[in-house]
Amino acid sequence: MMKAIKDSVHDYITLDPVAGDLLDTRTLQRLRHIKQLSTVRLVYPSASHTRFEHSLGVYHLASRALEYLGVDGDRARHLTAAALLHDTGHGPYGHQTEEVIRRRTGVDHDELGDFLGDTDAGAVLRDHGLSVDRVAAIVRGEGELGQLVSGELDVDRMDYLVRDAHHTGVPYGTIDHERLVRELQYQDGTLVLAEGNVQTAESLLLARALMDATVYRHHVSRVAGAMLERASERLLESDAGIDVERFRRMADHDLLVALREHVPDLGERIEYRNLYKRAIWADLAATPADVVDLDHEGERDAEREIAALAGVDDREVIVEVPGRPTFTEAGSRVVVDGVPQRLEDASELVSGLRAAQRAGWRMGVYAPAEHTDAVAAAAEDVLGVRAGSIRD
Amino acid sequence: MMKAIKDSVHDYITLDPVAGDLLDTRTLQRLRHIKQLSTVRLVYPSASHTRFEHSLGVYHLASRALEYLGVDGDRARHLTAAALLHDTGHGPYGHQTEEVIRRRTGVDHDELGDFLGDTDAGAVLRDHGLSVDRVAAIVRGEGELGQLVSGELDVDRMDYLVRDAHHTGVPYGTIDHERLVRELQYQDGTLVLAEGNVQTAESLLLARALMDATVYRHHVSRVAGAMLERASERLLESDAGIDVERFRRMADHDLLVALREHVPDLGERIEYRNLYKRAIWADLAATPADVVDLDHEGERDAEREIAALAGVDDREVIVEVPGRPTFTEAGSRVVVDGVPQRLEDASELVSGLRAAQRAGWRMGVYAPAEHTDAVAAAAEDVLGVRAGSIRD
Amino acid sequence: MMKAIKDSVHDYITLDPVAGDLLDTRTLQRLRHIKQLSTVRLVYPSASHTRFEHSLGVYHLASRALEYLGVDGDRARHLTAAALLHDTGHGPYGHQTEEVIRRRTGVDHDELGDFLGDTDAGAVLRDHGLSVDRVAAIVRGEGELGQLVSGELDVDRMDYLVRDAHHTGVPYGTIDHERLVRELQYQDGTLVLAEGNVQTAESLLLARALMDATVYRHHVSRVAGAMLERASERLLESDAGIDVERFRRMADHDLLVALREHVPDLGERIEYRNLYKRAIWADLAATPADVVDLDHEGERDAEREIAALAGVDDREVIVEVPGRPTFTEAGSRVVVDGVPQRLEDASELVSGLRAAQRAGWRMGVYAPAEHTDAVAAAAEDVLGVRAGSIRD
Amino acid sequence: MMKAIKDSVHDYITLDPVAGDLLDTRTLQRLRHIKQLSTVRLVYPSASHTRFEHSLGVYHLASRALEYLGVDGDRARHLTAAALLHDTGHGPYGHQTEEVIRRRTGVDHDELGDFLGDTDAGAVLRDHGLSVDRVAAIVRGEGELGQLVSGELDVDRMDYLVRDAHHTGVPYGTIDHERLVRELQYQDGTLVLAEGNVQTAESLLLARALMDATVYRHHVSRVAGAMLERASERLLESDAGIDVERFRRMADHDLLVALREHVPDLGERIEYRNLYKRAIWADLAATPADVVDLDHEGERDAEREIAALAGVDDREVIVEVPGRPTFTEAGSRVVVDGVPQRLEDASELVSGLRAAQRAGWRMGVYAPAEHTDAVAAAAEDVLGVRAGSIRD
């Protein structure tokens, strides 16, 4: 008899034998200790959900999509295993430490290939006659099936939007995920939404855009995330004896304890939500192009320069410049008059969303509350950015 | 002690003494028998909710808004009474018969002034020392308070979006209504959303746009609505002895029974959902400008011409041309950098939505299933419209 | 491709070909016009949902149950058709007119056999090679499959509890229906809940008991229901020319219009919720045994006697004595230590519930507000019932 | 302007100035890192919510209750502060370590008096002119107001039932909390539910009973909890240098890391959900009275004896005997016919619930999967308990 797990979003999730065995591995159990929204829960206290339950949700939606797509057998088993495992490559605090890890290893969280084979999860896959490489390739988004787990219309996105809405209480992410899953089709190997679903596709984009603005890129979460990233860098540079390989295998609780011990100033601030404040919060128009394009080293240099000018310790200044806004979901495909079209060609809304995304872009300079004035003045000088007023 | 009523959307709604007395009037009780979404429930079977519960919801949100706005006393009592009564001017099947009534009386559903005073509700208002005229003016959207009941940021819209989402099961209308209500402010007599709420305002528009496309303007509901309108015209022109004054006081069940008796062909089709089908379903690009601008008489003339050419009874052809798309919500106001701005100036999304709304416009020609081919051919000739394929 | 319908409780409901065709019949479309909770919506205004959507829900749960039970083919098709049709025998206002019809025809709402064959739904069944008699037998609860539609553990009950909770806003009916459906088994032809589900079975009973007290037997709904029953009796006895066969084919709107025309005193009171009030509201202890056992004729005689004594028109007194409390769900079966047991043997809660049900029993005497004192005094005399105070 | 926090259960929670300041203290922020349901989330993966969000919920319900009760000013401010702080005395993993701490300190989690004054939260209270002692007394349940935070009808219970239902996905806890809060009254200093609320009170008990059986006392959570308790004992007895004062100030992540380092066998099993299994799972009838009454030392002695007989390490046997079932909620009071009665006198259900609670009592003996047979046999010998079969 197949195991079923109660989920607060999808109700009962029935596990096939591979999934049942994968669930008992340390590789997957570790995700119980990595929160889905990392620092967002400092803004939305109910958002303590984990990548473990999200992984179950993605597995569930993948299973349903395969049913509607009529895919079964070996291909289906690889796909659902990949859905369950797709987030196991994440380091502690998920996306918040992804850059730290990438800078040292060159590897993204969805590149499981180089390590999955050595884990207990890899052993389970082999025991069930599945190919570790094929599962890893699907997680990277490769092939027909890969699009279902990592693409413009993937079930990963569908699960996190509706789950994050449930747990934050912010309704914007409440998409019609069942309709999305039912309307998926393959056309010439490309995953598309069937005829009559331009609005369905738009609704996915709109949900993402509203959740971005209200939840994922909330400034308090961004400040805490930037502090966590700096603290992680300092942990790896400290004499704690923690290298990047050990670091990326940590879970949230490990990192929180390690930071408090080895990077106590930031560690305690993160643990007790005693955060830096925004000294600068500038939109694209107020930010010189060379600042928009600053890389990690450039940010560090700017921090030191600003700190020197403001007369504060350079660990008390954080410069955070997000990449230029992109909008990959605009490439999702939907059938219109019998022909698959890119959503940006089929929908008048996409260009508006793109512009709104640009309008919502902000770079920030953060510092302890008592230094924000000094740091703001210095940052205006150093970066040539116009400070503006900070209201939201 | 104040009465409280359990609502499936807002939980308990506490009634003040005026509201408690208004609730017992025939004027308000009649709304129990007028469905909020009229023919939409032929598509979404769970959507049987009524204007009675919606009126309670609008009353509730109005009360909360006043609390946050700090308005109380006499002004507040007029406002909440108006919120409760705002839909009592509707005829049977709400908006679906509005045009029929307007053509004969020149009066819209929100013009209560001429009759509210003569009703039992008017008597209740006077008993409580309230001015019937002032309440009627608020329902028409006049004055500072009128904006709260009928304006770009009114609580009417907030209630119906979230209520229609709850009852249809379509999640798109699930807005953050509590935030909207909390963030309302008056600036120089104009209702605005406070600083930091561009996304809040956008979310209201997006919810409306998605619900429009998926629910309110679903083609099956439009076909049934057009049949209902024609049937109502014929009822009023028949020898049933029903004049427009009696007609506009009917409730849904009265109309359904009257149509089955006096306009049996359409009446039975509506009652048992045996609807006409689309012969033509054309977007703006496929529709000549003079057809887009057809008025009611023009539609009737076209129907007769098409019917003659197709060789069918002219009661078996319906031409329905919606007005050119408008987008009044674009004028809602939100404070940006301390200054109230029209949303269309503050948000990059509005122009995209406007374009999407234009792209979603459709005119239709409807006929019994067995005649759609003949009617389509005739309609192409008569109207010069390109038929295209009907897919959604 | 199979049709899917959006439901506010179960989300998308996929229809098999038989269900798709049945849905288009007048027999089923009529249920759009019969409210699930009849007079309950006078208490809970959001509860306007219909037997049409409930029938879809029962169909859906039946389909899922069959999947888990591994039943398919011909048996499954008869079962799901029966699930969809199970309420088509209801008269207007459902259970509220059931007694009126039974007294004249001897037939219950679930005895479809004698008329289903003559309907358009019967024709659809035959077209699809299904047996009308077999479907009718399942609706009556006969055979193994009959238990799924009409028995102690039927999906009818599961759907209405969760649906009524959704629409009233009263949370008590929110059962774990998916678990119930998953844990059903057949043991020697009897439907049981699998091992480990005593609490699951208890939760179903508790939900029913709490909904009974709070929703289904709310005194306002009972008063309105009793008025509706009396009004229906008088309609059938009037010169309106409506016999019981036509009566039982009516829908809610037909009855409401007919009552207003032919029984205007009660008809208008029901339409505008201007209800009689309780003169007497007595529990078992306060009610003499011969009153508890009054039959319909006995109630009518008592009404006349009370009216005479109180000096009011005998149409202004209603005596309503519910049957002695029964508790059929106590017989649902659940496997304990490998053996199916009746729930009342397996659960300590059942006897408590039974006692609570007895404690909640009330008989009522109702009259217009201005006569309740006189009627109460007369009823105490005539019936020997102790009036007590009316508080809830 | 008052801060508002978005909660997934109660929507926006508005904070008064005291609450706003308390929220920024370490004392309260620490609760972000203590999960509400500790080991339950090993069964229900979505249940990762924290005592921080629960504390906000209790604060919210307390504020609403005070509004309906008409309590304001100084008394109200002490009460809402107590509501917010009521769980700050919890050690890591909440109730799971409560016994460990009590055995060493004699202090329960709700006895804040001895330490609250020394915390940053105590300082905030004094800054706002509130008495630390008075707040501590309310948390202990003393006085009129204390009943609202810790009593049979407290808002603590109301929040956790509905919140745990939301986060586990188990619907049984979904009570009508708004009605409960609205119907509270003080009669002669005792908190009661107003007339007409016997069912309301019953529903609270039933929700608690069903959640107990399905969620709170799920056997997997009990096994994990017992392992956590043993591991905590061993941590305190180890040379890790952690005394009980430091222990009780830990949060979940601190304990998890400390256990993995200092009690690695159990620590890793808990972290990766590699749990002991049930060797014995016996109800009251199968358990000798002297075993039912075993205290902590008795359990430890039995473990050693069983381990010796089974030939396993005595750290691989856990004996867990819960206290005899009690049922304090039976004492909640509700007004019946004008007089407050204990619910057990007013409701026929209570004795059934009490019996069901006794029937659901289980003692367990747990061991690694490979030793359960040997341990079961030894435990039968040592304890004289009948093993029975383990099915649920």
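Labels for the chains are A, B, C and D, by order of writing; each one numbers its residues from 1.
Here, contacts are C-beta pairs under 8 Å (C-beta built on N, C-alpha and C of every residue); 3 or more make two chains touch, one makes a residue touch a chain.
Remember, predicted model here, so these are calculated numbers, not experimental data.
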- request: Could you check which of A-D, A-C or A-B has the same interface as C-D, with more than half of the contact pairs identical by residue number?
  value: A-B
Task: Compute the centre of every chain as the mean of its C-alpha atoms, then state which one is farthest from the centre of chain D.
output: B
Field: B-D compared against B-C, more contacting pairs
entry: B-C
Message: Can you compute the centre-to-centre distance for chain B and chain C, using the mean CA position of each chain? Integer Å is fine.
response: 34
Query: In angstrom, rounded to a whole number, how far apart do the mean CA points of chain A and chain B lie?
result: 40
Message: Taking the mean of the C-alpha atoms as each chain's centre, how many Å separate chain B from chain D?
response: 50
Per-residue overlap in chain D, given as positions that touch at least 2 other chains: 11, 170
Message: Considering only the defined contacts, which chain D positions touch chain C in the complex?
response: 170-172, 174-176, 195-196, 199, 202-203, 206, 210, 213-214, 337, 347-353, 355-356, 358-359, 389, 391-392
- request: Enumerate the contact residues on chain D facing chain A in the complex.
  value: 5-9, 11, 24, 26, 29-30, 32-33, 35, 41, 44-50, 52-53, 56, 166-170, 252-254, 256-257, 271-274
Statement: Within the complex, chain D is touched by chain B residues 4, 11-12, 178-179, 182
